[in-house]
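Order of writing sets the labels: A, B and C. Residues in every chain begin at 1.
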């Protein structure tokens, strides 16, 4: 497919999707519309944030093997810039989906007691603060890297190494806020202090999966010369390790709440284990843990482009499913897959791909100005 | 000398020299090539034609077996063999069985890797390998690299092999000989071995015997046996007289027995029989009378005893007109407090039992003082 | 050839970006053997004997007090209602936590192929084993009848019952015994080639016999190395899973309960992070002593200490996040019992313990942001000691403060440790350092074989240069 055809297809997809979104509002109602909006904007946001985290992690650790690959997550992190504005209309969803944003929701004394934290103005301020911090981080880490392509100034590396740890703190706080504010407060009486880490684990995995797909896309088109199976093996290793990490955190949260069986905690799981939601959870466990784990166990599989392609793709789907399973039950219905869900998928996926396509035209495919590029390309296991 | 040659070694200074030498030597000699290095040298395995290690596959299989075995055992032990409900959870609660399942999986997998590698694949420990006696061994574990051409049964042409090794760059060549074949085990050896086993058994048996005998009576284990408490029918130093068994304190009342406090027969005459004169009560009274009273007063209540005549006692004739004229209370007083030679039966009969006996005595009195009017009309004529 | 990229010479890079050497000076495999293995072959210096006497004395005192406890009963400790678990479980969690750093260094860093790990992996793995041994003491002696501890294992018995597999205390039994046996085996496998070196160097017949037996006849055959490397890598991967799971299972001891302040879902990753934190601090302390007294500064360089201090700093920030999450969620839960417990943490009878924890774990390690401090013996030892104390107090805060005032006000009471409690804790430190000192003189403290693998020029050119 030529570039022009792809661009036209994406444009068509975006328009069709937008039409579907309009149809959702008219025929399915605001509730259905907003719940899908939340799932999708969080999905793209977490993919972008995951990639930004990967970039910062590489600077904190000073890893050399990943330098040739770093432009991929840098470009993908642009999704944060695309999606953050989507948070603004999402504020309109608060009275529709979040009981604490409605006056009658405050009849529950537990929720009313939290009104100092769970109120629309403070919520909006927190969201705005997160967006601001993400924009600043993106500018320092990504724009600086792209500028380094031209000026080959090693001082960018020093600035990035100093800023990256600070970004880690920012990231930790903001991802926790996203988790608590947008996902957890759909059930405002519920609380789980590992929830931020759980969403982080999914975010990091989503970023890794997206990065892997990007790297595979570019290597297939010979746009990353010098990147070998050794580099892919490391990506596969990280995918494997953090699949285990996500499963561990998810299981720990579930098992602890199951064991103590406190009504104020367990209702959240009960809503997500009844009937078809329970079946969906089994599917989630299979695609998010079992399949990637067993496929990636053999050493050879971790560096195999075909297997990585399938596993990374499956992992992105699994991350979406994770968010869907956490968020959708808030409207009190079973898992739904109808025209609204399909149009949202079309709209957001095409918009994201179009945005990524735009990002791919900025800067070189590898950080050519980075002093450690050669060392990174020479990396062997 | 040629038949006793196990291998010919070429010693090289560095890994690079060793790796360069392998293809050179391979072309010039027959015989199996083996390398000895102070640390693993990458790439040499392929040059020597070594197969891939099966460790990973073994570990995967044993790990899965371990996990399933542990889960199955836990489910069986806690859910089927001796089902226990813990914290209200269902007996087949898989969530609670996951941690042990995971740990046992790791245990099985790690021991397969470690012991499998050592014992199965490397056949270690092996103390009699000819290499261990060579002079080169000390060099190899320090910093030199050796390439060995081993004879596989067919004797080696030592000079030719040595020349090939020197041509490939070996600094030193050593011929490693097979050790003297160990002779068959002598009778003295077997005698010593048997003697050692016997001594070991003797020592072990003695230790175990005395250990098991003495262990329960060592402090603190003996504290379970030897508790500072009162045991039945044992002496006790807590009491001055040394008796563990004590009499009840004065005024102790046995359950079901109220103390009989009436002292004078005249006061007892006022007592009234509370039991109804029913067939059940009379049956009860009859069996009690037979047990307690008939030995002295006779089975018919006429003072013709079954037993006490031999002792010179003269029990009362209960069916005499005098005693028939007594009020019930006087009879009760005789039973409860005793009269003349008759002891008190208060300890043998409860209150109700005494009254039941009295009903029966009344029945006896009536039966042995029959009147003509008692006969049926037909017989009377 | 890549798109026009060429390697920048080190001199063109600003100083802070230059790769720091992992070794100093000219190190060859032979010089490595001579430098490291010599300590095993020579008599220890006087300072070692002094240190050993102090540590052994502390250990014996602790053992005597343990004997007194077992002979007399748990009543000689301060445990009572409501604080029925105190020093015993605090010390257990403390020591198990310290063990995790060793496994992280030897297993996880092996998977990341961090070359700097090779100089310190042997020592840290040994510390793991000794720490787990110290830890294992406490569950054993804190049960009323330790001689019946075998009841914890599932064996067919005439009582016809099984241990309660749903209890986290049984999970602990399996997790810690697995951790100990796997660590021991991993450590021993790593030692095999070094024991072979010792066998081939020694002149003494007794030593040669002992080393021969222990090294199992290792001869460095390439076929053996192939299986060995694979097994070592696989065990490293599995041990990584253990690092996460063992301390998570320990955290489940608390998190599955209903005690306010204990039932927090963040406990598993929080405890694991705390374990790595405390463990690295202990490793730093011991390594500073080792490198200076045994003159191994060229092998255990300032770079090693710098990186470890960075890990300590990172863990401190993660602990800060965890404390923040606990505090926030405690408020957010709107559960009166949890509110009360958290107020007790900072403003109750043990407020000083709560603040000591925060100061030692979060505030003091922030000194390590400064590069000069990361490389200063004084600051790094100060921070490491603070972290050790802080992490002990963190467990104290979690256990004692939560227990001493939980649901039933009529059961509220203060906890006071007895001399026996403190003595056993001191004894456990004595045991740990005794074992460490013995290890330092009996076995090679640096894995010479692994070090030889990362010397420059150690591998043939075909394999390539960088391993990062």
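To be clear about the criterion, a contact is a pair of C-beta atoms (placed from the backbone, for glycine too) under 8 Å apart; a residue touches a chain by one contact, two chains touch by 3 or more.
All of these numbers come straight from a predicted model, not from anything done at the bench.
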item	value
Chain whose mean Cα position lies farthest from chain B	A
Chain with minimal offset from the mean of all protein Cα atoms	C
Between B-C and A-B, the pair with more C-beta contacts	B-C
Interchain centroid distance [CA atoms averaged], chain B/chain C, Å	36
For chain A paired with chain B, centre-to-centre distance based on mean C-alpha positions, whole Å	55
Multi-partner residues of chain A (at least 2 other chains)	255, 259
In chain C, residues with contacts to at least two other chains	241, 245, 252, 463
Chain B residues counted as touching two or more neighbouring chains	56, 87, 89, 96
For the chain A and chain B complex, residues of the former touching the latter	251, 254-255, 258-259, 261, 297-299
Chain A residues touching chain C - in the complex, by the definition given at the top	63-65, 68, 110, 113-114, 117, 154-155, 157-158, 161, 165, 168-169, 172-173, 176, 180, 189, 191-197, 225-226, 237, 241, 244-245, 248-249, 252-253, 255-257, 259-260, 262, 264, 364, 366, 368, 371-375, 377-381
Contact set on chain C toward chain A in their complex	1-8, 12-14, 16-17, 111, 113, 240-241, 244-245, 248, 252, 255-258, 263-269, 314, 317, 321, 325-326, 328-329, 332-335, 463-468
Touching residues (chain side chain B, partner chain C) in the complex	14-16, 18-20, 34-45, 48, 50, 53, 55-56, 59, 63, 73-74, 77-78, 81-82, 84, 86-87, 89, 93, 96-97, 99-100, 102-104, 106-107, 109-111, 113-118, 121-122, 124-129, 131-132, 137-138, 140-143, 215, 219-221, 224
Chain A-facing residues of chain B, complex	56, 60, 87-89, 95-96, 98
